[in-house]
Amino acid sequence: MRRYRESTGEVAERSERSRWRAATLTDRAAIGYGLLVVGLVAVSYVLGAVGWLPDDPSRMDMARLNAPPGAGHLLGTDFLGRDILSRLIVGIQAYFLPGLLAVAISLALGITGAPAIASIIAGKIQFLRQKSFIEAAHVLGLPTRVIVAKHILWYNCAPLLIIQATLGMGEAILVETSLSYLGFGVQEPTASWGNMVQAGANYFFHGKFWPSTAPALAILGTILGFHLLGDGLNRLLEPKSAS
Amino acid sequence: MARPLLEVTDLRKQYQARAGMLAALHGRTRSVPAVDGVSFGLSEHETLGLVGESGCGKTTIGRIVLGVTPASSGRVVFDGHEITALRPRALRPLRKQMQMIFQDLDAALNPRMRVRDILREAITLHHRLEQTEVARRTSELLDQVNLKSAKLASFPHELSGGEKRRVGIARVLAVGARFIVADEPTSALDVSIQAQIVNLLRDLQTRLGLSYLFISHDLEVVELVSHRVAVMYLGRIVEIGPAERVARASRHPYTSILWSSLVEKRSDEVARNGAAAWGVFDFERPGQGCRFAPRCPVYEAAGRPAICTDPTSEPTLRDVGDGQSVACHFPLAR
Amino acid sequence: MAARELALTALLLLGVSLVVFVILNLSPGDPFSVLLEGQAPGHAARASVHEALGVPTTWYGRYLAWLGNIARGNLGTSIRTGVPVAGEIARAGPNTLYLTLGSLLVTLLLAVPVALYSASRAAGALARGLRLAVYLVSAVPVFWLGYVVIYLFIHRFGVFPLLSGSAEPARHGWLYGLLPIVVLGVANGTVSEVTRHLRGELGRVLTEDYIRTARAKGAPVWRHAFKEGFLLPMTEMIASKIPFVIGGAIIVEQVFNWPGLGRMVWQAAQDRDFPVIMGIALVAAAFVRLASLLRAVIYAGVNPRTATD
Amino acid sequence: MNRLSRIAPLLLTLALLATVPSVSPAAPKNDGRPDGGALAYGEYGRPATLDPITSNEMISLRISELVFNGLVGIDEKQVIVPELAERWETSKDGRTYTFFLRKDVRWHPREGEAPKPFTADDVIFTYNIMMHPKTITPLKVRYEFIDKVEKADDATVRFTLKRPILNALAKFSFKIIPAHGPANPQFLTREDPFVRAPIGTGPYVVKGVTGDREIVLMANEDYFKGRAHINKFVSRPFADQNIMTQAMMFNAIDMLVLVNPRDLPELQGDTRFVLQPYNALSYAFFGYTLRNPLLADKRVRRAFTHAVNRQEMLDSFFNGQGTIISGPFAPGSWAYNLDVHLKGIGVGVKVEFKEWQAWKEAVFVEHDFDVILASWVFDDSADISSLFHSAEIGAWKNNFGGYSNPEVDGLIVESKLTLDHEKRRTINRKLHTLLADEAPYTFLWTLTNYSGYHKKLRRVAIHPYKFFSFADEWFIPVTEQK
């Protein structure tokens, strides 16, 4: 048999930079903002839990109802003259348990194949099952349960789950806001961002925009943070889309 | 050559194909034979090349041989084990001996796993090993496939095509395979890298005593690596024999056309265009008798003899001497 | 296949109905007390209501009675209004269907161009800007956006943008009908996820090796990219986001006074009007199920291999 | 009848005693006021039913006020006046009431049918269907004092009472429905088509329900008191109160039957609208449970009452002027204040808000509270004293606080049994002093309902709680009819 002529010229090797350094500046800014939001949320949670607040969130200032931001009340007051900033900080408490619960429940529902995350994972699995590396793992001799647990769930869905968890938090906030509007959300006097938007909105048409806009902006900024963080994580954890 | 490692007898496989998107709803299907009565053997340390146009059933044979796809009928015996009769669970112990190199470069590589993890998984799959032992075996494998140890930390998408192929080969070696189905192992690679891979496979055969079922439509490569070559046409083997003889002294008109077109054009691209011009065999309304007759120059030249299209006399493989067999009513002269 | 899917659907609906019923029964309040509003009801009055209406006293008795009705194709009648539930759903359902499907269209009209653009030009400043905008938009609480829009319409454009609030048939009535659809489409919270998912999948498919090879050879890429990168993730997102869109529809129907199922179920939830709640829950679950079946069909259609092996 | 309300004020049957027989002319209106125009009014929610018997919420009752009549009515000066009965006689023992009916009254015609005349059979039919055990209606308990009803002739019915009662005549204002109305002549359920498409004798005819769930009513050309001035009434349901007010501000509706207190200042400052108070018969109070040993001590309850500065609380929400109570009456804003006030006397308060159904269960069944904020809405047939009778202790009974005092019990029974107004007043005064001293409740204030409407509506008189009783007299000047 003839010997084939070998040529040199493997494709140039890529440098072994860390992924973080590989991320673009805007990526880093986005993730940075996301982390900042998460940090703020965490700090607010702690502040709310220990009660270290600019003002008593349930103290009413009858002289200043629906006041705009100003001295004394950094973010203004609500319809009972309560300090909006303090209530925003305390309102975070409302999301921690529900946020985690929401994610846990959708994971549980995933087994029965119901909504959101579950459906995404189901779709992902369906998609992966056709991927040749799953078949290759099978040919290699890996038992099916190992393939499912390791190759599908752990390696390919774990990032998805982390991302979904961050997004789930945002979703929980929006869902609570909607429930508050319908009257089934977190009930007064306990503050939640949702019932703050709702209570403030009662004065929206009177031209008092601020009491509902302040918590709405808080929601906006926070969810945006979660989204950007999720996106950034996505880029870091999903090698395909990084290239 | 040495004792038979693999024996394939009268293998058949039909696929249920659905007609279009709406067929999914009413579930109407039609049956398409992909492999239609194939028999061959493979000895230890031997390479059998399997060639033919795409869609002729060669990949299906590779998959059935490894027990990935169930056969419709027929027998596959590997090292005394009847693959076609084993359940998937019983097949697993055999996996350390028989493996596959996939056509798809990414097939063996989970995109989320680093090369190190991919190899460790394969190494520890059938053997419980200490960390140090795993590391030793890993570097040994890298050595065998000529891969730098720096690549261990890489993810698949950071590798070049040639590197991916090497990792795929290393993975197969890691479980300790001695029989490998190589399905178009060079098809997705640059020509220069194809050569490296072909040489690597041959080196490994020599060093480790491997046996290959080498599936390819690239005649040049097949001729180069194979001891024997089987030529497939529409689910059947039309000619089988030593590589030199099949390539240089083919007896079947189809084989002859394949190689002559190679000689004439030498160009993969043009050859494929030429093949396309021949038209496509319609499995739903199969022709009668010899499948190649509608495209056969000999059949035309001989004035369309009736025997070629007689449904009762489809040609079977006949020994024509020197280990060469051919399935043709009018084999070409020497 | 069809029979199996049908059986699965029936089982799913049964499960949903049971869960909803149990939740309704665990929540405080007797569904029949709505009939007794306006009087100070003693135990006797309560018992007499059950007797007068012939309702079983145990919750499972009521559930079984309800199931029996369903089996005969009867969704029952509203406790509050006495109107047959099926008829009410048939009257209000199309309005909600119009709202949800319309808003899905709006969502896609927003998300798809952004996803397509940013999949092809991931690093561009415009692509980033667009994505940021999309993320912002889907983080707006939907009812608040409704208020903002209504306020704008009243004070900037001088119209009251509600169909059923205007004394005369409005000159631009169709426009007011469009408004809630746009608001729900923008702020049902799914725009960002549709964009992200679509962009991710499309980006992934476009960078796959064989696509690159095909493109290098000049072969048409669009067909494959369309199927795997667009059709599949799209149906997947729609199927998984339908519950959110339905939830958003409930809110939007309150704000814009939209005479649909959402307003119906809200009133029913206040009154614990269980036949109405159950009926609407069934319809919603069937709708969600339909979406996921559609997804399965499209998956199978794009990938005929899946069902074969 | 009394009823606890947290959300909306409710039913009252209210009347003064007036037993002067009188006759009213059945001539078409000829008062020089123009006919024509339409009135669209906004309601928060949709009516459950449109008939006067199964209806038990305000939206429905307001509509049935436009569609139906009683044997007697109550005019703007709270005087009982003839309606379907042109005159009546009362027996000396006060147990028999004989009503002589108008003969010129006809039921709204159903499509394709000639109008049928109103007769004594309809009155008896209404009474029977109302009292049938399978008819669920809040009216039933109010008419248990009636022993029997007989038809003397087509235009005369005689009611016999079990015992003479105070203000009996006012109770005959219940709405009469036609014997040919309901599909089931035995009893009336909400599944009967009649409850959604009723026919009556009143000034307005139910035309139908639009796709947007508006209820359209047209003037009854054949109304026995004369055709109503305004051609068309449209009841528009809203699902969001803020949006409903905006609809009013934008002239998309002409009237709000009940203005949300927080929107009062806005409407008040707008010259296009009229605000009209029409109901002041609800009491807001803090109720205490005596099951809590601490609260069982009346000194503690009195200390609470002292600590609560009602004037300051009201002032906080008071909008500058003396008569209009406005400002943010969001649920619980007062309860919050309780917290503030009680801190001063060393009591911590944990405020908890509950959804209405859950609240009722907690208060009436589980008695799971220390203090509640609520308001009672009253009619004439019951007074607050009955809420403190020890017989009212128990699940779903009104004495949810578990207050029990033999002296109070005795006074309540005594007050109920006496038919003499003067004597009754003395007993009640005694009771009042006793309850004020014992402080089972801390009484806060009474609130007023406001209706807001466009100025084009003229001569608008609003019944304190039935609302539309005088709507046939309302009119819109021709120039503003659009």
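To keep things simple, chains are lettered A, B, C and D as they appear, and every chain counts its residues starting from 1.
The rule we apply is simple: contacts are C-beta pairs under 8 Å (C-beta built on N, C-alpha and C of every residue); 3 or more make two chains touch, one makes a residue touch a chain.
Predicted, not measured: the structure shown is a model, and the values here were computed from it.
At the centre of the protein atoms shown, by the Cα-centroid criterion, sits C. When the C-beta contacts at C-D and at A-B are tallied, the pair with the greater total is C-D. The chain with its CA mean position farthest from that of chain B is D. One finds 51 Å separating the Cα centroids of chain B and chain C. Centre-to-centre separation of chain C and chain D, using mean CA positions: 39 Å.
Put simply, the C-alpha centre of chain A and that of chain D have 50 angstrom between them.
Chain B has residues 106, 161 in contact with two or more other chains.
Residue positions 242, 246, 249, 355 of chain D are each in touch with at least two other chains.
Listed for chain A are residues 184, 201, 204-205, 240, 243, each touching two or more other chains. The touching residues of chain B, when paired with chain A in their complex, are 66, 68, 92, 95-96, 99-100, 102, 104, 106-113, 121-122, 125-126, 150, 153-158, 160-163, 171, 175, 190, 192-193, 195-196, 198-199, 202, 224-225.
Chain A contributes residues 58, 60, 62, 65, 79-80, 183-184, 187-189, 199, 201-206 to its touches with chain D in the complex. Against chain C, the residues of chain D that register as touching in their complex are 1-4, 10-11, 38, 40, 42, 45-46, 48-49, 54, 56-57, 133-136, 138, 141, 189-192, 195-196, 211-214, 236-240, 242-243, 246-247, 249-254, 355-358, 360-362, 395-398. Here chain A touches chain C in the complex through residues 24, 26, 112-113, 115-116, 118-120, 123, 126-127, 129-130, 167, 170-171, 174-175, 177-178, 181-182, 184, 194, 197-198, 201, 204-205, 212, 216, 219-220, 222-224, 227-228, 230-231, 234, 238, 240-241, 243, going by the rule given at the top. Here chain C touches chain D in the complex through residues 27-29, 33-43, 46, 48-49, 52-53, 77-83, 91, 147, 150, 154, 160, 162-167, 253-257, 259, 263, 266-267, 270, 272, going by the rule given at the top.
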